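Just so it is clear, A, B and C label the chains in written order, and each chain counts residues from 1 on its own.
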Amino acid sequence: MTETLTDRVSREGTTVAHTELKLEDESFLTDDFVRQLINVGEVDILVGLPTHNNARTICPIVRTIQSGILQAFPRERAVIINVDGGSRDGTPELVTGISIDDVRPASNLYALRTLPSISTRYASSPASGVSLRTILAAADLLRAKACVVISPESANVESEWISKLLRPIYRENFDLVTPTYRRHKFEGLLVTNLLYPMVRALYGMRIREAFAPEFGFSSRLGSQFLGQNNWHDGSDGAGIELRFTLAAVKAGYRIGQSFLGEKDRVQRHASDLVPALRQTVGTLFSVLESDFPAWNAVVGSQPIPTTGSEQEFLLEPMRINRKRLREMFSTGVAELESVFRTILSPATLVELQRIARLGEEEFRYSSELWVKTVYEFAASYRKSVISRDHIIQALAPLFRGRVFTFLMENRGGSANDVENNIEGLCLEFERLKPYLLEQWKSRE
Amino acid sequence: MREMIVSELTLAVDELARGFAHYLPRLIVMLILAFVGWIIAYLAKAVLRSILRLIKFDKLSENTGASQLLIKASLPSATEMLSRFVFWVVWLGFFMLGVSVLGILGLQDQIARFFLFLPRLFVAMFLMFFGLLAASFFSRAALLAAVNANVPSPRVLSMTVRSIIIVFVLSIVFEELGLAEQTMLVAFGIAFGALMLALAIAFGIGGRDLAQSFLEKKFVRGRKEENEDELSPL
Amino acid sequence: MPVNPDVLWYKDAIIYQVHVRTFHDSNGDGIGDFQGLEERLDYLQELGVNAIWLMPFFPSPLRDDGYDIADYRGVHASYGTLDDFRKVLDSAHQRGLRVIIELVLNHSSDQHPWFQEARSSQNNPRRDWYVWSDTEARYKGTRIIFLDTETSNWAWDPTSKSFYWHRFFSHQPDLNYDNPAVREEIWDVMKFWLEMGVDGFRLDAVPYLVEREGTNCENLPETHNILKELRRKLDEQFPGRMLLAEANQWPADLRPYFGDGDEFHMAFHFPLMPRMFMALKLEDRKPITEILHQTPEIPPSCQWSLFLRNHDELTLEMVTDIERDYMYDMYAESKMMRLNLGIRRRLAPLLSNDRRRIELMNGMLMSLPGTPIIYYGDEIGMGDNIGLGDRNGVRTPMQWSGGWNSGFSVAKAESLVAPLIQDPVYGYPAVNVVSQSESEHSLLHWMQRIISVRTSTGVFGRGAIEFLYPANHRILAYLRRLGKETVLVVNNLSSSAQAVELDLQRYKGNILIEMFGNNLFPRVGELPYLLTMGPYQFYWFRLRRV
């Protein structure tokens, strides 16, 4: 249907206010990429696809994305932008090779118009900060109204994800859409036991996955973040997704979440915990200082509009080495005493040492103790009592102890029980927020 | 005879008086220099202390872990220490200058050598400071890594790392100070080499069983891990 | 005959489609006639066209604007006499204009004497000239073409108490081509006109000639055989005359109508036309290049016929459902504009009276491979009146001047065959031949210019086409080649300025000469050839190596 002039003004009016792209930002895009962008021209929908050596799975994923776009937005101008971090297996060529246009032989997908797939190499090794920055710059230059980032690490990408993450942005004026998943109740405990409750308690919004590999965002938010984020802070941008979400929260953008379905269980090892902590908790702690004005006065939390379920749990039994978790906790508490002494308050440390001595049956890392632990870590991080990276590493054994307690408490529970327990933990984080503020000030 | 003694005495007293009269002005100059030096040193200490407080040197040194060391050694804060050190060096410098005025021959050379020695002293202290810093940082890093990787005896590993680094730093410091340079270096080399050899022997021959069980534990544990579901934190 | 005797004249033709009854009225009865047409042949000659296609002018009850023929060898009284027609034929030929007339083969009017006889009784000798059945069960599943008005392909005849077959309106019974008498008679009809001097026939509704049980009753082999037979006779007795097929089918199904050069000379490329409009709205060349890819090669003596609009609705039969919905939403927001799976609007209103878009579409019409057909009135940008029923909104009187009845007729306004367009934008005071002839930069003058450039070279009508695929998908670029002559055509389908880099490496060293101004453009070098283009702009370049 034709839109009236007023429709277009009100739709475009809000996007005109986006920050003008600074010259220094533009220059980090390669000439070849800029030429490709010129040829693509203005688009309505942009899909960012960061890759690194994904040749094995990338073609079906791109086809799925294409079919998702064609189903949900058949008439809109769209583009798939692959930002590649130095693949050596030909991933970028595979992506551009299945572009939908009149040069290549027709695929099974029927498309009203050209749906280009273009690619650029942003670095010789993956760096999520640079890849997101490239995507944001491209979205800004192409004036894309709604954008989504899809990670090819999620092997079970579905075409509906495009609609679920973009429709609220394109048609309902949302600025950020984060995903929610169906997971096994014991997966993603770093999210359910730390990230989600802490972001919720501090920033006042119940965003379940503030650090997610796939999310949708509007041009307003993208352009603002592109212009205002400090891209040259020396880190390669690990955890940039979390920064992005928190920036949106801070600036009062409209945030929603969409249920995407089952989160693919990527095979990981226990040794992946420290890098995960660095990316998530490290990032969170590092923004707390600058975000202080935004979160210190917030009390309680608000739910955000959600399409589909907020969280679903799979309950099938899992064989987990619980004993090892508890042992690593106890060993950690014992061996790292000197480190903990500089980070934790004496009372907390004593309590931790006490429970470390308990047997498996009596062991319990209570919610309150865990919350206090996390808050004290946050305050110490701010002061940099020791190297910040070491503070993060020191959290790992304590987290394992918490995981153990979570496993024990939710052993036989139904999905509802698990959800209630998580909700209880969140409320504890909210209740003890004054404690954080106290710790924050006391270390001044 | 009495006259001779008297005249000798008179001569001796005369000489003494003359010598005294000769040195007296210099002594007075020396005392003045010492006094002036004390004032200047005091001022320098005060100025430095203010500057260090301004740049929050205490905080910086806290980060490096040096403060903790000082606290443990019941020493005053880093700012204070550094200020006092500067005070003593400056004052000592002036004192030395004063003594040099006295014109005592051998002393001149020693004083000159003292002043030449000062820069190396500073460098050595600098090296020591950062060496201790590095030792503290890396030993803690090793500790955390070992704990998180579930390696047995993490503290031992941490201590080992710290010791190695400290020994290395000490040997460099001694070399810088010019004290028994070669000896220190050689001693360090021997110690380090010996450690490596010991470990090799332990793993190769004598501690075969120990090494074996250690490796077994590592591998077997690894296999057992594979049979269980691993939790993904995100 | 002063006309070029070349048997492939239709490849160089620019055809002007005109309906006598709405062109010019000479006798003041409010209805256009042949004499009026003759008076306006000079205008057509000046325009630069070299062939006219006359819509049906046979005696007819006019329930389908003349496509329901009641006498195949006559002229409707309102339009004049057979002599009047002969005069037009001669005058046209003198001016170098060829004349193509229509022949509706598939069906006749139910007022035709043949049908009157056939229906009178079941034993009448003409009974078999039409297709009868006692039940509606025969040929079940055959699609209905006029969906908005008909519910079945069978109609009940109360006189002979049986059903008769009609693929179109129920008052247009289908002739039975299985009957050799019918086939002979039709050839006789054609011969009648050919002997008079007519240069070609547009044969209407040819896919539906023959029906067979268990098929979709379209494009059957028997139909093709009949058509081949007609062609054979034509070539024997009247070489140099042309047959143009009206068959609204996918390109692959259209191909058989050319046979091996032994069936039709020309056929309309129906599927291309809506895709040109679609590409313009999408600002993406994909629909055009794709359909032309799917277009099969045709025999060397054959030619596609291209058009932007015609007397019918802009048909959306040969597009997918998604495409149809898109076209409806973009071009026919009001349901009143939609008819029978199509859009009944003229060219200028479809393009929002945007002069640039009108030029671009005409530019593509004139440069894509095929013979272009201009619908009367589109050369001055006439508007439409969708309030008139059926497809009559695009069949309003030709607007000659801003004066009385727009110079179409001296009769009173109420007697006019159709009401004139009167609105301030498209009405005859604003859009007419006289004022456009006075104005230097009018659409009319522009059309004259582009026609003259087009006819200055044979490359457009007879040359091969090779698409370039620049990375900017808003640009449609192709090369037309005939012998040593090469023309580069670049079209900007976007409403905004564009930059495009063309890979012309094979033509390195050639100078580009822009064909409208004859100015030189930079020589093709090592690098991709950069062109910057304004909104909806197009270029025709002659490639010349000195």
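In this section, a residue touches a chain if its C-beta (ideal position, glycine included) is under 8 Å from a C-beta of that chain, and two chains touch if they have at least 3 such contacts.
If you're wondering where the values come from, they're calculated on a predicted model, not measured in any experiment.
When chain centres are taken as C-alpha averages, the shortest distance to the whole-protein C-alpha average belongs to A. Using CA-based centroids throughout, the chain positioned farthest away from subunit C is B. The distance from the centre of subunit A to the centre of subunit C, each centre being the mean of the chain's C-alpha atoms, comes to 59 Å.
In this assembly, the C-alpha centroid of subunit A lies 47 Å from the C-alpha centroid of subunit B.
Work out the mean CA point of subunit B and of subunit C, and you get 100 Å between them.
Subunit A has no residue in contact with two or more other chains. Against subunit A, the residues of subunit C that register as touching in their complex are 278, 282, 284-287, 289-290, 293, 320, 322-323, 326, 329-330, 333, 469-474, 494, 498-499.
Contacts from subunit A toward subunit C in the complex involve residues 1-2, 35-36, 38-39, 41, 74-75, 101-103, 106, 110-114, 116.
Those residues of subunit B whose C-beta lies close enough to touch subunit A in the complex are 62-63, 65, 68, 137, 140-141, 143-150, 154-155, 224-225, 227-234.
The residues of subunit A lying in touch with subunit B in their complex are 186-191, 211, 265-274, 276-277, 280, 318-321, 324, 327-328, 331-332, 335-336, 339, 342, 384-387, 390, 393-394, 396-397, 399, 403.
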